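Have a look at the structure that comes next, please.
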């Protein structure tokens, strides 16, 4: 097996609208995601980041160019189910991705579709719920849970399919700060302890700070990429695109403009305290 | 006095096993021209409180007086309350229903029984206030607009009722930073130019710090803290106990001060921090 | 509030009635309903009553829960009673104005009322002791043989599951949209029927639009989780018949046999 989980080559994707005009959502995108990487895709609404996520899961197919998931071409229909099993996907709205009326039945939905043996499903369901720390809720009805809890159930549902990679399409956008923290903690755990490759799509910059690498999208193109320190040091460019940087990063940037000697890669409160 | 809440309590499902006290003896006063930030984590009673202010929920106990009218009295006409207080719910774009943007915004004013010309001028003005181009989009279907525009249409629908108090429940939820800044800018505009009293429910301490002049913190159905932002954000530990926080820049200044630097930690925004630090650093370099 | 309405009034438990194979329970309920209409004498109803009471006792469901199912349908029971009482021709007992009650009518009325009451109690017991999930599983399995004639058994069961999952969500949403429109001066409570229907537009349009959006997103999420219809699907909790199920089937066959044969004795 190679070290590349997802490989995207010259990818272009066009939507056709009702009046037969086409809209280019992605323009000539090239991107590789390494195995075990924690990649964050930042960009504001309409930048093409959600479209990109759906192309990684063969929910959409490229207009031109190629997407390979663990070496499999998403255009290869025979590989479709293997691809979806390899790269699981979590969506934005916690209410609209849970299928069953009982938590554990919902977590079982994926492996049930794969035709996994019931005893194995039971094992996977219990393990997945344990990883997202929701075991005690396994017999609850999903609609009585909080947003953060529902999202963790959705993550458990993907985990139960034994994926190598998990793509999360703005999983925190509809949550309150506590729910967001819960989900981020879970995502980090999946990456560090379960060795899952993570592609996390968001517009919250605080969630990007801890990534291995950030890709910034704008108008269907990748406009910046690098480590969090590299990306957030470009305060002016980020602001122009309409994205946030951490307040201390912005403060350091403003002070530098006034001639104070500070490093460009400050991301945390502690770093700025040390530097000043 | 714009809003006066006296001993307000509200119980969900009274006398059943599911009985829950959502509001517990709330007393609150909001002055005309206040910009109030209402914070507290999910389930603290914020939503129940703001729905009371609009007459959507009748209190179990207590009174609410808005601009001299007791809205908790049975005789008070709901129409009168809605003219006093406008309420924008969370994700308001999911309530749009008309064929055109114009008709949707006109829904509220029409329900108030206004005549055509008055409705027309209200719609125009409301659209202008939230930054929507009247001529360009008034005849478009609200369902084909972008997320940010839909939300503006929904806010305009409440603004067009011309309320004295405007309450917004997390108006920036789900928006990206650009959309968020635009909406907050328009709310600021309503506050400054239209002299509306504003109550903003938000989870973002940074946004609250930038905009409001009074903060009300709710916890378990009670008011836990109340005061000017500078006062409230001094109590970092208390806020963290309640599952809340302070703006990162305020946190930084406190930390910096505790490391032995003689700066003020009474700082809410990046601009304030910048000024304070520049003064301090220059003083230090000159010494 | 709307969301306080409970749907699929399952009363969780760990009794023999709860643990019975859902297919067996559905079939028993089915045969039970049919046999109710076979009975044409009073004494077999004592057997039925005994049966119902035994099941309630075994299932440990509080009696008032079983009785609660009757409340919303009490008018139907009363109306059925009177229609039968007045409409059946026969030997006159007494008359009120133009309405005459016959001996046969009174019998008929009491029979119909008893049938309805037991029918409701029986089906309530089924839903009270069977979780919605095993109920759908049971229906799916029972309908499976009908696939040969083109009946989409799995799809029907999936639809039921999704409906059950989304009913509370939609009720909550209805509540929210209603309040939001009321905040804009909408009136859902007054006016004549025509006006009221018209006033529902601001509620129904967003509700439909949002439901389509939800359906779209749910379909996408199901596809991403490898859903491709009922073929090759396994289940977390496979339902299978135990020894106890066969014992219950045997006892019930004898019981219903006796019940139905009373008609011909």
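Note that the chains are named A, B and C in the order they appear, and that numbering of residues resets to 1 at the start of each chain.
Note that in this section a residue touches a chain if its C-beta (ideal position, glycine included) is under 8 Å from a C-beta of that chain, and two chains touch if they have at least 3 such contacts.
Just so it is clear, the model here is predicted, and its values are computed rather than measured.
Trainee: Determine which of the two chain pairs, A-C or B-C, is joined by the larger number of C-beta pairs in contact.
Mentor: Between B-C and A-C, contacts are more numerous in A-C.
Trainee: With chain centres set to the mean of the C-alpha atoms, which chain is at the far end from chain B?
Mentor: Farthest chain from chain B, going by C-alpha centroids: C.
Trainee: From the mean C-alpha coordinate of chain A to that of chain B, what's the distance rounded to whole Å?
Mentor: 31
Trainee: What's the distance between the Cα centroids of chain B and chain C, rounded to whole Å?
Mentor: Chain centres of chain B and chain C, defined by C-alpha means, are spaced 45 Å apart.
Trainee: Which part of chain B faces chain A closely enough to touch in the complex?
Mentor: Chain B residues touching chain A: 41-42, 146-148, 173-179, 181, 203, 206, 243, 245, 247-249, 251-252, 255-256, 259, 261, 270, 273-274, 277-278, 281.
Trainee: Please name which positions on chain B make contact with chain C in the complex.
Mentor: 12-13, 18, 51, 54, 56, 78-79, 82, 86-87, 89, 92, 94-98, 107-108, 111-112, 143, 157-158, 161
Trainee: Considering the complex alone, what residue numbers of chain A touch chain B?
Mentor: 44-46, 146-147, 173-174, 176-179, 203, 205, 242-244, 246-248, 250-251, 254-255, 258, 260, 269-270, 272-273, 276
Trainee: Using the touch definition up top, name the residues of chain C that touch chain B in the complex.
Mentor: Residues 1, 4, 173, 176-177, 179-187, 201-202, 205-206, 209-210.
Trainee: Can you name the residues of chain C that touch chain A in the complex?
Mentor: Contact set of chain C toward chain A: 131-133, 161-162, 164-165, 168-169, 172, 213-214, 217-218, 220-228, 232-238.
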